[in-house]
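Scrolling down, you'll hit the structures one after another.
Next come two complexes built around chain A: one with chain B, the other with chain C.
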Partner chain A sequence: MTSVVLIDTVLLLLVTVTAIAIIEVRNLYTSAMLTSVYSLLMALVWVNMHSMDVAFTEAAVGGGISTILLIGTLVHTAREEKPLKVRVHWKAAVVTALTGAALIYGTFDMPRFGDPKAPIHHFRVPEMMAQTVGFVNGTKGKQAPPEGFDARAYRSFNGAVTSVPDDPKDTAWRETSVLAQHGIIVPEVLGSHPQHAEAGHHLHPPDDFNGHVPNSVTSLLAAYRGYDTMFETTVIFTAGVSLIMLLRRPRREGQAQKSAPLLDQTILRVVSKMSIPFILLFGLYVITHGELGPGGGFQGGVVIACAFILYALIFGRPALYRVLPPPVIDMLTGLGVLVYSGTGAACLLLGGKFLDYSMLDTVSPGEGEALGMTLVEYGVGITVSMVMLNIFNQLAEEESR
Partner chain B sequence: MQWVYLFTAIALLIGLFIILIRAVVGPTVYDVILATNAIGTKTIVFVTLLGYISGRPEFIDMAIIYALITFITTVAILKFAEKGRLD
Partner chain C sequence: MTGVLGIYNYWIYVILMMIGLYGVIAKPNLIKQAIALGLFQTGIFLYYISMAVIDGGTAPVWTTVQDGAQKFQGPYDNPLPHVLILTAIVVSVSVLAVALALIINIKRRYGTIEADEIEAMDIADRLAEFHAGAAADAVDEAAAEGHGLEHAHGGHHHG
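== the complex of A and B ==
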């Protein structure tokens, strides 16, 4: 048992304890806070497995915005859950248990965590790991360049975690790998050799993204399954529109907006006002940096929404409406989806397929891909942040009861 | 280095566990608020540690996000406790 697995087990145990507590606690206020704890612990699980993009999303969405929105719903409901008579619905319990068992059975077919023989490790990832764009002096971290290094060096090379030792005698999977079918020989150490990149992408200029951006997650999300991400953004947009239709009340003329700003809290007011520009800057960094490191439109959008929510919390919602009037928020909600699909349409007009970003740059396809992904991430970021802000505004608005 | 990570992580996890007991049992709401905040801090330390051990400086981005998010969440939670509304 490696330390990764050991820490994972303990963390998942803590997550389970928190989940049971969320269900058992009668006080909904406590329950909302425990969901934040749950997300933080779950994000630690992802960090421990080195899946930074997932951890980023879990922290930003689960730990931040969803907790704030849950507390927003508490404004409209009671603080205590009504005690229910506990009666087990056997049919429902059986269906749930069967579904869970089927899902767990399905995981047995998946490759083990950190297995170097998993398809992803000898298809796309070696190509991406062989790239040098975005790293200082062409090396990743403090490791030496990949010349004549052994399997152990490879493992620490990119911080990759392996649970199964690499067996040099087991060559069958190397021959059947997708790279081998394209005439590229997978070396002893799984293909993180620079020759790899040259063999696969000899058509691109040497300082190119080698056809793909360095962050494999963003490359998969925005290019490989770009349609999927586009419709995810559309789903968020639809959710925002539905919530506006459900919750928004027409405001009567001359009726003043009620609000309870925290202007008397001097420390909180000064610290928040000073930190809001930096939070916005960080959100933009997360969006823009998506194709180089962990991050992207969804996470960055949530961070930006959090900055505006902090402003509304301290200075009141009317102050937020002076900065961002509700019609502007509504308009920006749609603009994000328009930017995404517009990028796709631009690729179409330039002679490629829909969302084929390499068309955006005539010289270097890799640069075009990076440009397209940045545009798309901005689209996602705008929609996500404005939908979150809209939901917060609708929830915070106290009904006249 | 693997052992350093393991032992420091275990120490942090024990701390997390103790705080989690306070968050679940905590008689008043304020115990839960403080525990949530402390868990956020522990998480930041954990992420930074892992980033240092595995030599990946981009983990610091994660830690910054945690710090920002827990701050804003705590402000929202405390505002609801004091005013009973969020805006």
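== the complex of A and C ==
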């Protein structure tokens, strides 16, 4: 834990310095490049706090796509900020200082960093995890609850944990806590516990419990928060549509036929051509592997978009349009949302609730949850990658005018 | 973790958010404002992820090692904040993209992306409109008056 805190302290200091530099520097290109550095540092902070999926997204989105978008905009807006008349905006400084002081006063009531007794680790967590692994509502195709499992007590659990010792290394309390009683939070502890092994609980954790989806971030994303994720995909879809409405104009002949300026750079051309297939393959791996380890539709989609953007940068957009014509990109943008909601509708037609993946067990027995989540991840991946590509194309079209 | 280090992350989140807020208020450059908004958002992300950490925990990917000696016995970090922030990051890039598209449209129309210059141009436009309107009204009035006079009173005005 000390090493976590030590690395965290140093990294966050660097992050703060970078943030100040981003705001203070006058050259906007420098500012855009510093945001890339900032995102990379942030990704390291997330890894240090064991938040692999977020780190992955931050590195792909913040370090890659946002920087490309910013530079693409800067090309045809402004290089530098206008020099300010006053160095410090005193009204803004006073407002932020007061707000910051109020918020810092609020942090004194926060639970300490990493405190196992913090309410966030207890309130509703059992319900959430149980719903994710899917035995509480007990619909058809779901796993039967473990023997002696009291669903009613489980639902009415108010988050109170009795007798947590002060020493964080003393993990004995977890075995007696309500969280762990049914192997939700620490399956292995229960599995190795002779008393529970006798009761047959060792049969469930960890594999069966999770419906073959070991990455709990993905299973929460697609199951417990399935609706939210679906509508967040719709938000991204809407952003893509608004970009088209704001920037797309009828194309005039001969305008997109500009030769790519980077094409005569031999090293760039050869290296990018060699690496593009692997970037695409990696993107698909990240989407497919999302249920087993860090990754998923959002991250994989951005990686795939990066491969196409690299191709467009080196070989020119006409070459990209031969591979993926703009109408196809537009259609694929909608297709991703359709795949997501279609998976939900399929569960509905098979007799379950919307996005109740266990219904897909009739299609592939025992792997319905994994199948549903993979389909959903692909839907997210298609929409995200195509929206990112579309946004890049719109900004680049603007540039060539 | 006790003492200052126990809430250090929350302080940094406040500082990052306030740097972003300062940028949004103090900088007239619209692109700078969009970047500052991004900093504000990452501050909030830091707040959420810091809450998910648990002492001695690890990434919330259930280990599937069944018969290994090195089974992980400890707790897992809370996955819910990770899920929230993961989607929030992707939504934040969508927000940035739409903001940049709007900024490009503003540049097309005004030829500048400095908020104070845009405001000055808007005010100048409105003033010009007002004056033009007043002038047009005056012309209309004069014309109407002229017509009326011509018809009713003959050459009174001309004389």
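Keep in mind that, in the parts below, the second predicted complex is superposed on the first by the 256 of 401 C-alpha atoms of A that agree within 3 Å, B and C clash if a C-alpha of one lies under 4 Å from a C-alpha of the other, contacts with A are read in each partner's own complex, and residues count from 1 in each chain.
The working rule: a residue touches a chain if its C-beta (ideal position, glycine included) is under 8 Å from a C-beta of that chain, and two chains touch if they have at least 3 such contacts.
The shown structure was predicted, so the numbers you read here are calculated from the model rather than taken from an experiment.
Engineer: With the two structures laid over each other on chain A, which partner does A:Leu74 touch: chain B (first), chain C (second), both, or neither?
Structural biologist: A:Leu74 sits against chain B and chain C alike.
Engineer: For A:Leu389, using the defined touch cut-off, is the partner it touches chain B, chain C, both, or neither? Pick first, second, both or neither.
Structural biologist: Neither partner.
Engineer: Given the touch rule stated above, what does A:Met230 touch, chain B (first), chain C (second), both, or neither?
Structural biologist: neither
Engineer: Of the two partner chains, chain B (first) and chain C (second), which one does A:Gly295 touch, if any: first, second, both, or neither?
Structural biologist: first
Engineer: Chain B or chain C: which reaches more residues on chain A?
Structural biologist: Comparing chain B with chain C, the partner touching more chain A residues is C.
Engineer: On the A-aligned overlay, A:Val10 touches which partner chain: chain B = first, chain C = second, or both, or neither?
Structural biologist: first
Engineer: Going by the contact rule set out at the top, does A:His50 touch chain B (first), chain C (second), both, or neither?
Structural biologist: The answer is both, since A:His50 touches chain B and chain C.
Engineer: Taking the superposition as given, does A:Ser36 touch the first partner, chain B, the second, chain C, both, or neither?
Structural biologist: In the superposed model, A:Ser36 contacts chain B only, not chain C.
Engineer: Touch check for A:Ile309: first (chain B), second (chain C), both, or neither?
Structural biologist: first
Engineer: Determine where on chain A the residues touched by chain B overlap those touched by chain C, and list them.
Structural biologist: On chain A, the residues that contact chain B in one structure and chain C in the other are 32, 50, 52, 72, 74, 293-294, 395, 398.
Engineer: Along chain A, where are the residues that touch chain B in the complex?
Structural biologist: 2-3, 6-7, 10-11, 14, 17-18, 21, 25, 27, 29-30, 32-34, 36-37, 40-41, 43-44, 47-48, 50, 52, 55-56, 59-60, 63-64, 67-68, 71-72, 74-75, 141-143, 156, 159, 259-260, 262, 268, 272, 275, 279, 282, 286, 293-295, 299, 303, 306, 309-310, 312-314, 316-317, 392-393, 395-398
Engineer: Tell me, which parts of chain A touch chain C in their complex?
Structural biologist: Residues in contact with chain C: 1, 4-5, 8-9, 12, 15-16, 19-20, 22-23, 28, 31-32, 35, 38, 42, 45-46, 49-54, 57-58, 61-62, 65-66, 69-70, 72-74, 76-78, 81-82, 84, 88-89, 91-93, 95-97, 99-100, 103-104, 107-108, 110-116, 118, 120-121, 125, 128, 168-169, 171, 174, 185-189, 192, 206-207, 209-210, 214-217, 220-221, 225, 228-229, 232, 235-236, 238-240, 242-243, 246-247, 292-294, 296, 298, 302, 384, 387-388, 391, 394-395, 398.
Engineer: Which residues of chain B touch chain A in their complex?
Structural biologist: 2-3, 5-6, 9-10, 13, 16-17, 20, 23-24, 26, 29, 32-33, 35-36, 39-40, 43, 46-47, 50, 54-59, 61-62, 64-66, 68-73, 75-77, 79-81, 83-87
Engineer: Can you list the residues on chain C that touch chain A in the complex?
Structural biologist: 1-2, 5-12, 14-23, 25-29, 31-32, 35-36, 38-39, 42, 45-46, 49-64, 66, 71-87, 89-98, 100-105, 107, 112-114, 117
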